[in-house]
């Protein structure tokens, strides 16, 4: 897309060294702040898991038939009888050293488990983001220079799609295209065909929201005085949209996409359930149900890191798209 | 109000009435199981058919309006109040408070929403109230950020500066000028959130974190329908339409209100 | 005017816009011609239809605009027949277009060089590989120093003057025959304004005709050959610039000229205040830290005094620290050094309630009154608010509101209207009334008339002068407009870069400036205004 | 799997999420392994092919020594062999042990092992491997959640020679051989037992007909390939080479998705179909249902006999008589499940069918009993009251959704004037309330291959308390005469004597209405017609080793 190419041009060499320094500084400040966020996320998770009713050992052993010796062994090994502050500090210390330990329930190193589940979730989130961007930019560009009734038709369609609960959309897609027509597999994660319906179900809402925001942004940008100036230079409408207007409209979209990408990991949970996909969302939910703290905390950490990286990416993208932010610092 | 919005306003009024006085809309008991009439298709006796327990779907959708809408509304109201409090505090109490509160909001954002709701519901115990609190916690950052940004934006407004010149205290200025004028963005966010919250609360019920059975709730009804989709499509379709129509009505009417507010304010 | 073969010939141009019910006619049948190499000006106040008229020449009158004329020709091309893509051959290539507010008119996300290059590329004026060199040459021609570096910068990194030059360079890039300049100098400081006007005049020397749109007679007088005066979509008068300005025939033109002159010609300096000092600033210093750009000193070692019932003019260009000084005087900002004394009591000695009470002694009037009113409030609520803050009882409030309304000459009928429903002049009167309500000793007026049309300016200034005469309130009058300062202030301080470079009796400072900066400011005032002043003296 | 994630409709309360199966005394269970439809065992097996199977549940950990779940047993049975084999009728046969001797005091078991058996990692199977496995199971470090308790009587073992292992018990345990036959005590490669326990949760190495080198990935499944060296199938089963080349097992928790995967040809077979799906599939040509009833206790409501309204036997009897359980089961499960005829599933050895009339529907009697119990008042909502208090029964769930069955029961109880409150609790609260006895009703089934399950469920020693921890007498039933009978059953000299004593226990329980049995759960494998010879193990789980593909 031309809009993307122009962004790259804006970031091309020739930028002053101080501006690049400002970016580096911005990223460093963000990284420092993000450690606080990570610590907060871990602590909050720990506290919530502790105030959940029921002792961890009871929940852990609820489905089993164990001898007292084994119960004592479990309690001792996981440090479940230590005072809470000790448990907390011990756990924090281990995380700081990069040891995430072993799942209480799955009895495997937490990292192995996350490494097994994360790729499928990331794949789904990635295809969803891609579809969201492509569909919304197309819908935004196609609808913006149309007559008012065409725009309201697009807007109405977007409102409808946003109002559809994603799990229901998934259910309908599954029933129609998988159970009835057999076009797509009913189960399974990794095959490209198996990715189609979950992606559609997950991307529909965000794509509609982004398309709406993009069109609003395009319309607003079309009102700006520089559009009159650019038209007065005799350039064509397509060039005007791609070279001038789209980039302005992309600014709010970038922020929105960052937010959406973050929320997709949560949204993927429901889709993973409906489509029987493996993934980190289902892993996390079952871990919460089982009070499996090492897994819950590790998932929270992974998603929090993803959140931090996304935020920084959005900042960098904004920095690239909008030169005004470069000198303002933050 | 434009003519095209009348039907949606009517839908909204209807839904509110259903939530308040469900018995006005149906004489049937939503929880009355009828073993002889399991999974009956829509017809004269049961307008929208019956579910796997022979319960009248229409009655359940009518009675489902209250929990389905109340969780979302409650969550938005809670988030609004808490978000405004946090946002105003972050904007007004100095840099350290701002940093602490802003980073705390980041913490909430950094945990996937559904996981956080799940944690909160696990702590509070399942039920409508917990679901509402859980959803509110997840959406506090949105409201708080808007509140903080609005307070900071309006604090720089000349009429706020002028108000300081009249001798009001800081708190008085915030109460008299800042918050009332931030109502527009709050209203916008609240209506957008309300739609999203209704969808989210139905998602929660879908995974079983909503009100306790046998309470009729649209998301829970859809979850129940899954197993019988091969036998009967209606329990898997009508509650979904109910959610969608409710969200559409809230969104469209909300958007209209927003536009009117925006037009009124410069 | 060259009768044979004009560049632009317009007859009976009407432009209508659809609105909710029916249409509005923004331009109601105007005719004009522009000869090659000629500078033609259309003068009028906001909403008179002058911009729409000019934009009709490039097909940019606006969305849904219905443009009709019996003749609309540019260099023999019948513009009425041009549709869609056809305009692209005219725009940029044959007609260049410069808007006011170059920050918004240059795409803020693109480099200045790319903006200037756009018409070159769009029309293939020079081969692609020579575009960069041509851009640098154009920027240089527009008087931009070190054009190579500037081309790589973004609009927000340039000063207002440089931006406007870049915009003109961009409009002239494809060497058009006509340059339309719509309020090209409005947002600029006087000294910069003068330079930009110089650049425009210089273009005529290169054979480019200029259509100048302005509300500022001073600007028009500086460079136009022929002037059309526009009001409510019609030309009320036209003729050679000198003739129209020096002997206007239409009453409206006379009002315009009178208003322009009035600022200078009708000093309303009241008989002078008592020697009692009400406000005194000593050695004020205020620094701001800009994130990522270090500290910058907005006000440096400024001392002023204001005596009861007198007006202290504060002159300077944008960024000179005038506004910061105003806020320091009001106690809205605390100085880093020095102090402000109100009635002999320093602000910094006051805390909490005492300070809030003391604030009522100094009020402020802003450049844009609308943004200084809570948008939810009616005029009555706006006027009552300072009284409520002071704890004035209900009946007393009504009396005082009526009184201040009368002081500023507003009818009580406005009380139940929202400020946005009032005209610009009424709004500023309302702002003055509100400032008077707490019965302050000093009112800080921050550019109170610079956003108003000339004819309204005079009225508002009259109100201010009347109020001072009747109530003996002191003003700190902040303005970049020397004419306004001269008309109103007893004493004046000239600020530059946060410092006071000159101060003293108004007449002494403005007639015999000691500091070179003051002289530069005076020189920058468009010639017509200066001439007007000289004549009025004679 | 998170309990709260599964919108379960047929499973019992999730804390017992997997239907527990305890190996009890040796019992000859007739088992009602049966197959509806066509395509069983009449043709000769065709070798080769890959069976794609979708299963409902997955184990948290694959290792059967560690994991207590039914799914771990299902998924490791193809990998690990046991010392002895118990056929579906309950008889024992040699497997990895060629023969065995039990000492007169019943404390020492001596096993002669089969020669030439190798693990799929190349290790030789010998007596040392047996010792290593048994020791591994009871090692607290293994943190076994079930297998350890199967070996509760185990003292020690030693290798007398490479092919002779001797096991010593602390006390006689007539259930020892049955325990050994379970996959939970399956023999794994000793080298892997020395490695990290966490590795065993993914990859288990045994001597079985299949091996899986990549092992189990949670939420995904496990792939097996045939063990080419396998030549030691249990005696008495179909001998000869294992037909299938590969088995690919996918975990698909969602019922409708699993059915969709089967009908769309994405998999060849599925387990754990919901009754509604069973109904659908019955009418769909090209598919075959293979079913067997799980032996053991029926799916039941367990009344709290210790405190609350249900401590009154008349109220319990009234509830039993007043709710038309069989009609509800028929309606809710589309006639797929059989209504209960007593505490035990009719397929359980020792089941006493003569008690069935006591479980009939008699609303008049029910109302009479309730009146007699003093619940004579009626409140505005139509519920019975006594001393102004409504007859309310709290039914605890740890599942997020309530089964349709519960909804129907709730409605039927309401007609009786009894309010059943469905309480969905999180796991922690559920356990706390279970231990405290703070409930009126809990539901679960409990499959086991013999009537000894009655002791697990009704002995006062198994009442869950905070001190004892979770245990299985959820009715909190404490009756001295029953206790005495349960003891006599352990000491019984013959199976018929034992069955006689258990019949007495069933009678006592029925008289006391200590359980409200509802239906006999079915183990279901639905497969396309080309999948042949689907059989079931003694515990009701499908046996994949003999399955072959006709197409």
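Just so it is clear, A, B, C and D label the chains in written order, and each chain counts residues from 1 on its own.
Criterion: a residue touches a chain if its C-beta (ideal position, glycine included) is under 8 Å from a C-beta of that chain, and two chains touch if they have at least 3 such contacts.
As the structure is a prediction and not an experimental result, all values here were calculated from the model.
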Most central chain, Cα average position: A
Euclidean distance of C-alpha centroids - subunit A vs subunit B, Å: 22
Rounded Å distance between subunit A and subunit C, as computed from the means of their C-alpha atoms: 48
Chain centre separation in whole Å, for subunit D relative to subunit A (CA means): 41
Shared-contact residues (touching 2 or more other chains) in subunit C: none
Subunit A, residues touching no fewer than two other chains: 52-53, 179, 273, 285, 288-289
Overlap residues in subunit B, where contacts from two or more other chains coincide: 118, 122, 125, 207, 226, 229-230
Complete list of chain pairs which touch one another: A-B, A-C, A-D, B-C, B-D
Residue numbers on subunit B that touch subunit D, as the complex places them: 31-33, 35, 38, 52-55, 118, 121-122, 125-126, 207-209, 212-214, 220, 223-224, 226-231
Touching residues (chain side subunit A, partner subunit B) in the complex: 33-34, 36-38, 40-41, 44-45, 48-49, 51-53, 159-160, 162-168, 171-172, 175, 179, 262-263, 265-267, 269-270, 273, 281, 284-285, 288-289, 296, 299-300, 303-304, 307-308, 311
Subunit A partner contacts - residues on subunit D that touch it in the complex: 1-5, 15-18, 20, 22, 54, 60-61, 63, 66, 68-69, 140-146, 148-149, 152, 197-198, 201-202, 217-220, 250-254, 256-261, 263-267, 426-432, 435, 469-470
Partner subunit B, residues of subunit D touching it in the complex: 4-5, 7, 9, 254-256, 259, 274, 276-277, 279-280, 327-328, 331-332, 399-402, 404, 406-408, 410-411, 422-426, 428-429
Residues of subunit A that touch subunit C when the two form their complex: 10, 14, 22, 224-226, 228-236, 239, 243-244, 247-248, 321-324, 327-330
